[in-house]
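Across the two complexes that follow, chain A remains constant while its partner is chain B and subsequently chain C.
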Partner chain A sequence: MSDHTLIGTRMPRVDSRAKVMGKAKYTADLKLPGMLVGKIKRSPYAHARILNIDTSKAEALPGVKAVVTGKDTEGVKWGVFPYTRDQQFIQVEKARYIGDEVAGVAAMDEETALRALDLIEVEYEELPAIFDPMEAMASDTELIHEDFPNNINIHVNIDTGNVEENFEKAHYIREDTFMASEESYFHAEPYAVVARFDHEDCLEVWCPNAGPHMKSKPLSNSFKIPLHKVKIKKIAIGGAFGGRSEICPADYICALLAKKTGKPVKIVFTREENTIATRQGHAMITTHKTGVDREGRVLARESTCYMDGGAYSSTGPIATSVPFLSMEQAYRMESVRYNGYRIYTNKPIRGMIRVHGRGFACGVDTQLDMIADHLGIDPVEIRLKNSRQPGDYTSTKSYVSSCAMDETIHKAVEKSGFKEKWGKLPPFHGIGIGTNSVQTGFPMGIRGGSQSFIKFNEDGEATVMSGVVDNGQGNENMLVQIAAEELGLLPEDIHLVNADTETTSSDPGSYSQVSTFVGGHAVKIAAENCREKLFKVAAKVLKVDPQELAAKNRLIFVKDDPEKSIPIKKVVRISLLNFTSVNAEGGYWPKVDMKREWVKNPYGQMCEAFSFGTTIVEVKVDPVTGQVEVLEATAAQDVGYALNPLILEGQFEGSVAMGGQGGMLTEYHEWMDGRCINPTMLDYKVPLACDMPRINNIIVESIDPKGPYGAKEAGMSIAMSAAQGYSGAVSNAIGVFLDSFPLTPDKILAAIKEKQTRQLKQENADKTEGN
Partner chain B sequence: MLLPRFDYLDPKNLEEALDLLAVHKEDAKVLAGGTDLLVRMKKGLLTPKVLISLKSLNELSYIKEEAGCIKIGARTPLADIIASGPVQDNARALSQACEKVGAITMQHYRGTIGGNILQDNRCHHYNQSDFHRSGHQACHKNGGKTCYARENADRCNSTCQSDGSTALMALGAKLVLLSKGQERTVDLDNFYTADGIMPHDMEPHELLKEIIIPINGARSAYKRLAYRSAIDYPIVCAGVLVRPSDSQKDRIDEARIVVGAMGRAPLFLAQASSSLKGKKLDDTDAFKKAADASMDSAATFAVHNVGSTLEYRCSMISPLVLQGLKEAASEK
Partner chain C sequence: MEKIEITLNINGKPHEVTIYPNDTLLDVLRDKLDLTGSKESCGEGVCGSCTVHMDGKPVRACLTLAMEAQDAEIKTVEGLANGDELSNLQQSFIDHGAVQCGFCTPGMLMSADALLRENPKPDEKTIRKALAGNICRCTGYAKIVQAVAHAAQPQDNCCDCKSKE
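Right, the complex of A and B next:
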């Protein structure tokens, strides 16, 4: 790999300067001529029948240009899957959560738009609301969606067989239940959308997204206009984390207002709207029953998970599956059965999130620690006994090619001093380990692949077109880095056109961790094809075989005789004079099992590569206050190949912040009757830079045979294993296995006190016995 | 979120400011740093017709030692107080409290001590958007008759989360309030109403001019708990002061224990405080008893309305008071 000039280097991101200087334009920054301000009227009731909506007063208000309600929508229901179409973009019959969309307005300015919202009179009949998923599931009569009995939205059942038999054979079995509350993303950028219909009746939309093509199709369907007339435009994005994977009702409402007024309309969410009316992570109750042999190898596991899905399906089938999949990828199991239930409640909609099921993941690892404790082995040993190995098939029949799970464990253990510290730390001082795996992609049918086009300009610079979107993780830099490397250009010679449905081809989007693996791969192939064309021309000029050539620093040269070279710019010009194209395309489609489906057939090749991560965390708990001081986090991930260690380290650190420091210690939502009590950045406790511990980043490479340069998913395995590492460390520090997440000081303190009381009782009992 | 409309007035001196206050009275709000006021206005909790800015009133920004006291102008930035030698030497609790307010940038550029003292009480059912507060009945503080924090409460149970006030009450501070042609000095102890809706005993036309802290050889400390190390209000806090006796240097002549973020005002716990009179400065048992007594008294005032759990917040009173007492007593 040493012959690369850019790939593998710590190249600073091409987009950083504009972002840190405040020059990058986000959706809320856009100003179009004649643009109106849009606002959304939301239900203040958790569950209510909509009897009547009177918009006349709002429409009569000077400055109001349009008011839209469910009547304007033709009643189309949206859902990510054909079997989950349960959400209208503006509700007609009833509102199902506090925040559900009931109307939209467009006005000259924000003040007028807000006044208009107040003037819309909605007559509701309040219905009994259900906030607890177990209560919702127990009810036959109180249905949030009529056609979903017991409010069960999704049921995923996975069964490899032999579960009972293997439990019979097990040396030790335990069953434990873990709880976790819901969490939010707190993207730096609150959601915003700008929409307009141009003079050709094309719908132009700017909005944060995790794949522009995932936005254009539903809009095309809803407005019954051809796909080529829906243009999702490129714009800087301030975070997604799984919460911006699908169409947002605001996109539709904004476009509808634009259509009705004939003017551009901008909707910018408040922080509260971004919390309650986009997506949240699922709250869940998970029971793991695990049977192991004498050595601690898992023979059988049965996991049952009840997920609080909120009011609508969203990406429900995926979100109900991924917590289980991450586990089955990380750990070998002889047999396993999974029942995941996603249940409707009258709460905000839950979707995908960077840490898929903190309750599930931390439950698996906490239970492994419990089993290790029982068997008298340490947490590292039990993980190594069950860790995924290259060449394995997962329980749901995905072949795992590259896998350096063990190496991530060994390196993290060594760096953190785990072996020296385990069992030897002073009281209330603990260390914990978490291991996890994330898939590089999902089966996505016709949208599973990505295509790229490259055109050379006459000055020898290139324009690269790709559907890949950058939500902040550095995808744009990744594309530029790959294109410049393959074309022999400098990063500044590449003009990237991306994430724009008008000019770029279909792409799976960034939410399945597949941007580098698929989208980057497509750019790599396009660049190779383009280079091949240039080499043919250059070879004639240099009078050598094209295979003898290489490209670097804007030059094409003979590998064995670098003095013999020609500037790329000259090759481009010669090509054009000789009627030879200097454009090229490339595409990449991962070979996955197209028959695999989340609910109907959850077996078969899931994706081509899996990443593996280990995080070890060392903490000190204050036994008086229950507050946790994190001394150090050591994060090691098998990323396949590190295209840019600088960016990877940023991803690791962000993952520790989101999955560990925030996700395990402070972040949860509080509710009162379906009302979110802490929707703002002040009240929802996202950790700050000054709260973060020292982080050791360890990049492990396994060179995936399919990935571009051997690369695969990077970062998310750390977010998930960090959650597990944090929970393990706190449990170790206080000597109690904790089962309710996040681990807030009140819970930690209660656990310490309970343990002390138990010990005291035991001592008294011993004394009595002694007497 | 959009600020509601208001007229902005920028008086050039104290006299002008008091004139404007006398004219506009309850229609006006005083704008110092704005970190409390503007946030509440954006949430629609407050719609003053007039904002009277203290921007030009540099005469209200000072820290001086005078007549055995530290006098601090109400508009003094928190950063100046943190950096002040006299405050560190004689009123360490205040210094420690100011360090915890918001974040360093706010302490430097926005937050003032006057604003910190006069910040409104908070409640996680009240400090919400118009949208959040719609769809159910208005609470006491929002003009209604319900309390979401305590069932059947006949009045508002909002919580005073001011770090500064808790520390200053422990320090036995006084406030100087001005109005056109008048000046009054009030003990911070007596500055609070028992009403969460209007927690401060202050007329709309009055302006906080100065905070006076006695210099009397007392030692003090401020302790607080929050979720984060910055940009977070305390969920429980304690300001304590111990003044050694002039005759017996190792004995306590006066102690003041104040618990904050647990009630409508910082709670001066008279009994727990007086229990320490005559006790030795290293009498940990006495400290522990006083801390537990503080917890028993203060906990009855608290409601679940500022995050975490009520049980946890209450149980933290004693450890914070104890830590504070130990730290103050061992101050050199």
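Right, the complex of A and C next:
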């Protein structure tokens, strides 16, 4: 690896310059000639039948250019999967949550658009609403969607067999239930969309997305126009974190308004809309029953999880599976049974989020700590006894080729001083460890692979085309870094065209942590193919075999005699003069089990690689206020190979903030009759610069045999394990295993008080006994 | 409401604009002057994405009326660089990997720039306090804090400090 020029270096990101100068354009920054302002009218009721919508007054308001309702949608229902098509982009019959889309307007300016919304008269018949998933599941009659009995949207059942037999054999069994509230992304950029139909009747759309091709297909279906006429355009994106994976009703409404008016339309969400009407993380109730042998090895586990899915399916089958999958990847289990239920309620729609299943994951690790406590071993030991090893198959039959889970544990333990501190810290001072694993990709069927095209320009510089999108994590830099490395050019010689459905090929998108593994891989192969063409021409000029050549710093040279060289620019020009193509393509399709399906067949190769991470956290708890001061977080992840440590560290640090500091201490939603009462940044507490602890980053490399240069998912295992590390540390500090997340001061104080009361009772009982 | 004409001094240049008295400085910058570097994220003065300088002090442009800014020297993120030449702080943000999605970056830079003008050698605690009004969801702040600290004082032991060369 040492002969690389750019790969493995701390290369600063190519997109940063435009961003620090304020030049990078995000969707809300766009201005097109004649552009109108779009706004969405939303349901004020959590569950209501729509009896009539009268738009006449709104349409008569001067400055209003169009009003659209469900009547304009031809009743099209959308869903990520054929069996989850339950959502209309504008509701026709019923509104199912406070915020559901009922109409849209386009007007000359914002003020007029807002006045028009008020003039749209919607007649509702309020229906009984259900906000509690357990109540929803118990009901046979109060159905949110008529064709889903008991309001069960998705049921994932996984069973490896032998669960009962292994519980019989177990030395110790525990059953514990863990709760977690909903959380939100709070992307810096509120959702926005600009749409217009161009002179060729092509639909052009700009919006934050985690994969432009995930947006173009549903728009093509809804408008009944071919895919090549839907152009999702490249635009800077202010964060995604799992919440911008799918089509948003606003995309459709904006396009519909653009079609009706013949003008470009822009919809910019308020902060409240971004919270309520995009996606949220699922609230969940999880019961883990775990049986271990005398040494603490897990023989059997039964996990049952009830997820509050909100009003529609969204990525439901994926969301219902991923918490379990992360656990089965991280830990060996002799046998396991999982029942995951995603249940409809009259609340906003839930989707994937960076720490997906914090209640599930923290439950697994808290229970391991409980078991370790019972067996008299420490939390590190019990994890090492159960940790995933390379060459294993997961419970659902995915082969794990590269895995350095143990190394992440050992290195984090050493750096944090865990062994020296465990059991020896003063009262209300604690340390905890979390370990987890994340998929590098999901089974994506037709969209599972990525293709890249590279064209050389006559000045010796190259244009690289890739469907990979950058939500902020550094994907664009990753593509440029790989292309420049393989072509022997400098980063500034590469012009990247990406995330644009008109010019770039289909790609899985960034939401399954697969951009480097698949999209980066495709660019690498395209660049290798391009280089091969150049080498053939250069070899003739230099009178050597092509295999003797290498490329670096804009030169092609003989490896054993670097003085013997030719500029790449010259090779390109010679090629063109000799009627030889210098362009190339490359593609990568991960070898996954195409028969694997989230609900019907959750077995087989899930993806080609898995990442593994450990986070150790040290905290102090104030027993009077319940406030947690985090002293240090140590994050170690097996990333396969570090293409760019500078960017990786940023992913680790961001993961500790969102997964641990925010995810475990402050971030959750509060509700009143289905209305989210903390949808703004003022009420929803995200971590600030002054809250964050010192973070130690440890990059562990296992060199994945399939990944480009050995790389795989990087950063999300930290978001997951940070949540677990934080919860473990707080539990350790107060001497109570906490089971409700996040760990807010009220819960911490209640736990301390309960413990003190218990101790007092015990002391009194002891005294009585002594007497 | 009647429109009025005012002059705003932005990044060293006067701009005459016709506004409503209730237009915020952020709306005028973004919608009327095409200075879209300043971002709206929360719209209620919490997140700091719209931070600009008025007479060297950081203010929330979303909570400031354009009329209030008439007599001030306003500086936005577009005014930090000298033409194509980035300021040390901007370069430090790039070199230290302090920019991810970039949406909070303009506000973060303006808060940090104001701090460094007042206190050229701030310690870490001071930096974290000065940036406590700017929300970032991507970075966990570590690299931003480092970028600010090293902008004025490049560190020999920092592998990302370029200006020492």
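Everything below uses one rule, namely that the second predicted complex is superposed on the first by the 771 of 771 C-alpha atoms of A that agree within 3 Å, B and C clash if a C-alpha of one lies under 4 Å from a C-alpha of the other, contacts with A are read in each partner's own complex, and residues count from 1 in each chain.
The rule is simple: a contact is a pair of C-beta atoms (placed from the backbone, for glycine too) under 8 Å apart; a residue touches a chain by one contact, two chains touch by 3 or more.
Everything numeric here is computed off the predicted structure, so don't read it as measured data.
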(message) After the superposition on A, what does A:Gly587 contact: first (chain B), second (chain C), both or neither?
(response) neither
(message) Looking at A:Pro491, would you say it contacts chain B, chain C, both, or neither? Reply first, second, both or neither.
(response) neither
(request) Based on the superposed arrangement, let me know which partner A:Thr270 touches: chain B (first), chain C (second), both, or neither? (result) both
(message) Which partner chains sit in contact with A:Leu749 here, chain B, chain C, both or neither? Use first/second/both/neither.
(response) first
(message) Let me test your reading of the model: by the given contact rule, A:Ala236 touches which partner, first (chain B), second (chain C), both or neither?
(response) second
(request) Return first, second, both or neither, reflecting whether A:Gln627 touches chain B, chain C, both chains, or no partner chain. (result) first
(message) For the overlaid complexes, name the partner, chain B or chain C, with more touching residues on chain A.
(response) C
(request) Determine, under the contact definition given at the top, whether A:Glu189 touches first (chain B), second (chain C), both, or neither. (result) second
(message) Just to be sure I read the superposition right, which of the two partners does A:Met672 touch: chain B = first, chain C = second, or both, or neither?
(response) first
(request) Would you sort A:Pro44 into first (chain B), second (chain C), both or neither based on which partner it touches? (result) first
(request) Could you pull out which residues of chain A sit against chain B in one structure and against chain C in the other? (result) 270, 682, 687-688, 690
(request) Enumerate the contact residues on chain B facing chain A in the complex. (result) 1-2, 5, 103, 124-125, 128-129, 131-132, 134-136, 148, 225, 227-233, 307-309, 311-312, 315-316, 319
(request) Going by the contact rule at the top, pick out the chain C residues touching chain A in the complex. (result) 30, 34-44, 46-47, 49, 76-78, 80-81, 86, 90, 93-97, 99-106, 109, 127-129, 131-145, 159-160
(request) Could you pull out which chain A residues touch chain B in their complex? (result) 42-45, 98, 110-111, 114, 270, 272, 624-627, 666, 670, 672-673, 675-679, 682-683, 685, 687-688, 690-691, 744-746, 749
(request) Please give the residue numbers of chain A that touch chain C in the complex, ascending. (result) 10, 12-13, 15-26, 28-29, 31, 185-190, 236-239, 241, 270-271, 471-474, 646-647, 649-650, 652-658, 661, 680-682, 686-690, 692, 695
